[in-house]
Amino acid sequence: MSVIRNAELVPAPARRSFAALFSNVSRWRVPLSILALCILPWVLPSQALAVNVLIYGLVAVGYNLLFGYTGLLSFGHAAFFGAGAYATGIAIGAFGVHWFIAMLIGVLVSGLLATVMGMLAIRTRGIYFSMVTLALAQLVYYAALQASSWTGGENGLRGFTVSTLHLPGFSVNFLDPLVKYYAIMIVVAGALWFVSRVLNSPFGAVIEAIRENETRARACGYDVERTKLLSFILSGILCGLAGTLSAMHLSIVPLDSLHYHTSGLIVMMTLLGGAGSFFGPFIGALAFLSMEDIFSLWTSNWQLIVGVIFILFVLYLPKGIWGTLISWGKSR
Amino acid sequence: MSVTNIGKQFGGLVALKDVTADFREGQITAIIGPNGAGKSTFFNILSGALKPSSGTLRFRGADMAGVPQHDYVHRGIARSYQITNIFPNLSVLENVRVAAQAFRSRMNIWADRSADRDSEDRASAMLASVGLSARAATPAKFLAHGQQRALEIAIALVADPALLLLDEPTAGMGPEETREMVALIEKLAAQRTILLVEHKMKMILGLSDRVLVLHHGQMLADGTPKEIQANSEVRRVYLGQNDGYA
Amino acid sequence: MTNGIETLASRPIGRRAALIGLAGVAGTLSMPWIARAQAETIRIGFPTPLTGPFAAEANDQVRSAQLAVKLANDKGGIAGRKVELLVRDDKLNAGEAATRTLELIEKDKVHAVVGALSSAVQLAVNEVTRARSMLYISISQSDTINEIKDFSPYTFHEALNPTMTTAVVARHSFKKGSKVAYLVADYAYGHEMLRGFKRAAKEIGAQTVSEILHPFGAADYSTFIPTILSSGADILCICNFGRDQANSIKQAVDFGVKDQMKIVVPVLLHNQRLAVDPEVFEGVTGGANYYWGLEETMPSAKAFNDAFRAMYKGTIPTDYGAYGYTGVASLLIAIEKAGGTEPQKVIAALEALKYDIAKGEQSYRKCDHQSMQSVLVLESKAKKAMKSDADLFKIVAAEPASESVLRTCSELGFKS
Amino acid sequence: MTVQLIAMQLFSGLALGAVLIMVALGLSIIFGMLGIVNFAHGALFMVGAYAGLYVAGLTGSFWWALLIAPVMIGLFGMLIERFLIRPLYGRSPDDPLLLTFGLGYVLVEAVRILFGTDGIPFSTPAALRGVVNLGIGFFPLYRLFVIGVVVAVLLLLWIGLEKTKFGLIVRAGSADPLIMRVLGVDISRLWLVVFGIGVGITALGGVLAAPMRNVSPEMGTLVLAEAFVVTVIGGMGSLPGAVIAGLIVGVSVSMTSLFAPEMATIVMFALMALILLVRPNGLYGRAAPGL
């Protein structure tokens, strides 16, 4: 049902040159990503932007697990991102919980939400799946808007600034932008390693089989619904983790983080970079946020440029930046 | 596998009515019948894709009523599809490997899939036996039609099923490809029970041990190819009206 | 249509502002030694929603802020230093605003931040600046920022707040025995306005006959109107903002609400009024921080308008635009008085400041840093009474600054 | 709370339902016939309102705007289909959805550049101003007019689809494109026309909404949400479904407005989630495509 190709995991024919290069890239994907992330704050215009790339990169990677690898187009992933952020913020602000525990709580809450939403949404298929996830996420949005004594409503959640990270034995100044970047990067790197393992696992093979042909996967003896649900939950947890990081980074949780525009943004980033590839979503987040940052300094009509670029990608480069690079490399 | 009084209704439409049959081990049984006779419905019920409205389905003595479709293959029933049904963007090897993997690991998110040598070996061996070893690394969608059909059967076979259901295995094939497929099926028949739906009458009569004829959702005849050829009623409703099949 | 053209005309300004910002980026990125040499320049970060439904207001804010900067540089700078405004698009999104503010502080090394148009954005910027001891002049209406929970010693609130706006508007539109129906947007700002009105109504002796919360950002108000019509009210008080306000008033008028009751709103916006037919708004009363017509009675308003006209080809400043001016100008005066940008000295100067730069005397209250200032009550004119396209409102009253319209320091949680 | 008020509320709900049907119709048609989820629906609605404004400015008449603007935007829609959507047929059903999502961004920004970021006044035509006494209360004449137009459009659509040869071909084509090709019908031209009609009706909705909701570049955002809710509840692609869903949603919103007004928006999404959980394809929907 899906046109998304997973070029990376197709064992490459033993050819030299580009093909070999790309299969090496694939083998070393986690160390390579970490290396790239290490130099990111030095090449981007600002560290705040670099942190956003980390966070949205992680969101896109988490989303990609569901969209790119399992073939399910969810329009409600903002709910998990926002839930993670709100849970962390509330845990710190209202209950004075240690930041590390608060992050665990954030991940847990988004995982629970993903379980509930997943169980409801997995029953529907195709376009209805997109719509149900959208509707359920909107319910979460309105719930957060209404529960303003907990969430701050439209004003957003505030009052949980973490300025120092206390770790066993030492503490670091979290207000220092570089310290903050590398602290968050460690978490993101860990998450990337996790995703890489999941993709390489037997489960990773099953979700791709489901994306490629649901009927066949079922006939092969896979419980499609349970597999989809697990993929949905893992994806939600990763987005929730990104949400907790976003809360720590910005020291606020905007209500907009639950809005369906955020969900749309996640889809756009993933597609731009290349759904169904390991590096794609991160590259998509990097490209999207950099474009937005640069164009919005240059013109207030930056949305026009971003929209046109997105359309061109859907039309001519549906594999996204990274997917196109890979198939170009392979064809050499 | 035995079916007793199986019936299936879609809304008001009766697709299958009171079909009873018993499939003995080690036989090739062909199911024939004109279009709309209920072959596909029957097949889908046998493979668990549809649940019968009435009647019982037993396999190796166990009632299959509450068994979800994805468990059928674990009990030893595998199928191929009439329309090619493979994983188009996965490599040929991965197509078969992922099918083999279903017997070892399904929800494990932490192991390395390449550590599962067994599934890979079984998949490679299966590809060798259907003659696709040379194309193992190619994305499945780039295979020729006949090769895709062979891959389709390899996916079903890697489960090492006791009962193999083949839905028009030679659909859309030329004479050469058909011959190869027939040879493959004969080779397989040595080890397992095979049930197939086919239109190519000559092939069925040469290949199968037994033929069931469905007509308007009901069992019209059941016997050896010779008996079926001699059955006047079958000739009347089926062979006579459409000599294209003969 | 005239509006579109006006906005188009303002675009080059926005781009110029952006280019200044871009030059700043390039400077700090590639030539750190130059960045150090420029340390003498006073850099003011200015996050504002250049994209989104309030882009017109944002553009006015930028233009007015640029005017304040230009006037300061024209007279030789502030404390001997040049002033630079770094405009950033916050997209009316709190997360975006927090990121932009972090950039302004961490990368552009600004000395102070002025800006924000929505309550959520303002509170986000406040949260970021508070943690980093950064001066911030907020210019968006909100009661929340006055409360002790969000208080930052580094933040000064130049805009009106709902409590003071509604107190003054109620004083000039409610009477003893008035029957008031409220249609309120269901979010913090709406609730704050409702609370303000009811507080004032209690003092005046007006009576609440109906109170309807509508979802924030609703498109259709037709289903709320039957209840309002059957409430027997003589005043309908619509507590929402921007597009919500325009849509709800428009639909209420369609239903003939104005035949039965007077419509009162907390804030009338110049640009939003232009976006709707004059006859829809005709007779609607509401508050404002600034209206250009104030120049007839107020010399400082005249001076502001004239400087604005001189810089922008005869156009006039608007309400939210004026915030950009008074916000930046008051900060610059305080920096001048403090002799530099050292935050504690600037805070002391701001707390002691008495300034009249556009709308009569203003000063910041010590406990919550709220600017005490005049509040205008405006009534929207009928089309035939308008002498020009910009002649939108009649000034019903211009109440001078007074602490009596504010919540007391102890009410806000401050120990006095 | 009088009986009269409840009756009035019910009527407002039905009237709102008519507006919602109008808002959702274009989305429903394009999905029903072409299987395309048009995320640019809200933006096209808004563009329709601006086109109406533009035509009304040129001709000085609302009535011309009501006639010409939908045709203009319908033709524009055909251009979109020809150059942006057509290359995507045969690809993943997600692709048109994603493309129109991007298109929505572009259209909103283009309008901001052309017409400014502020809204622009759009007055109710003089002949349709004022209120009508319904016996249970007063109701704006303009809204009654909108109900009339919606009924007329629905009738025309029904006749067009059920009683004409064109409708027969369209219905057959949407059921099985292959058969049409076998029969020698140029399916791509058919889809071009259907997409144009869908977009034209969307634009008509925009022109009709303009005197009620004011015209601004963001007016489409809410419309998209409303249209999705109505279409999805009704069953994507089902015309009677959209009509019934519109009325259900209208009345639900209206009754919620009476008893818990702040929940009036959330009730739409709750209703949608609820109905989809009970009936995964909506009230009258057929199975989702692409699977």
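Every chain is named by a letter (A, B, C and D) in the order it is written, and numbering of its residues begins at 1.
One rule holds for everything that comes next: contacts are C-beta pairs under 8 Å (C-beta built on N, C-alpha and C of every residue); 3 or more make two chains touch, one makes a residue touch a chain.
Note that this is a predicted model, so its numbers are computed, not measured.
The chain with its C-alpha centre at the largest distance from the centre of chain D is B.
The centroid of the Cα atoms in chain B and the matching centroid in chain D are 47 Å apart.
Chain A and chain C have centres, each the mean of its CA atoms, that are 36 Å apart. Centre-to-centre spacing of chain B and chain C amounts to 73 Å, using the average Cα coordinate of each chain.
Each of the following residues of chain D touches two or more other chains: 112, 262, 265-266. In chain A, the residues that touch at least two other chains are 4, 142, 146, 301, 303. Counting partner chains per residue, chain B has no residue touching two or more of them.
Contacting chain pairs (ordered by label): A-B, A-C, A-D, C-D.
Across the complex, chain C meets chain A through its residues 11, 14-15, 18, 21-22, 25, 29, 50-51, 55, 88-89, 91, 93-95, 98-100, 102-103, 106-107, 119-120, 123-124, 126-128, 130-132, 142, 144, 149-150, 186-189, 215-216. The touching residues of chain A, when paired with chain C in their complex, are 45-49, 52, 142, 145-146, 148, 152-156, 158-159, 161, 163, 175, 177, 246, 250-252, 254-257, 296-303.
By the touch criterion given at the top, residues 1, 3-8, 51-53, 55-56, 59, 186, 212-215, 217-220, 222-227, 229-230, 243, 246-247, 250-251, 254-256, 271-272, 274-280 of chain C touch chain D in their complex.
Listed in rising order, the residues of chain A touching chain B in the complex are 4-6, 9-13, 197-198, 200-206, 208-209, 212-213, 215-224, 226-227, 230, 234. Interface residues of chain B facing chain A in the complex, by the touch rule stated above, are 47, 49, 68-74, 78-79, 81, 85-91, 93-94, 97-99, 101-114, 116, 137, 139, 155-156, 159.
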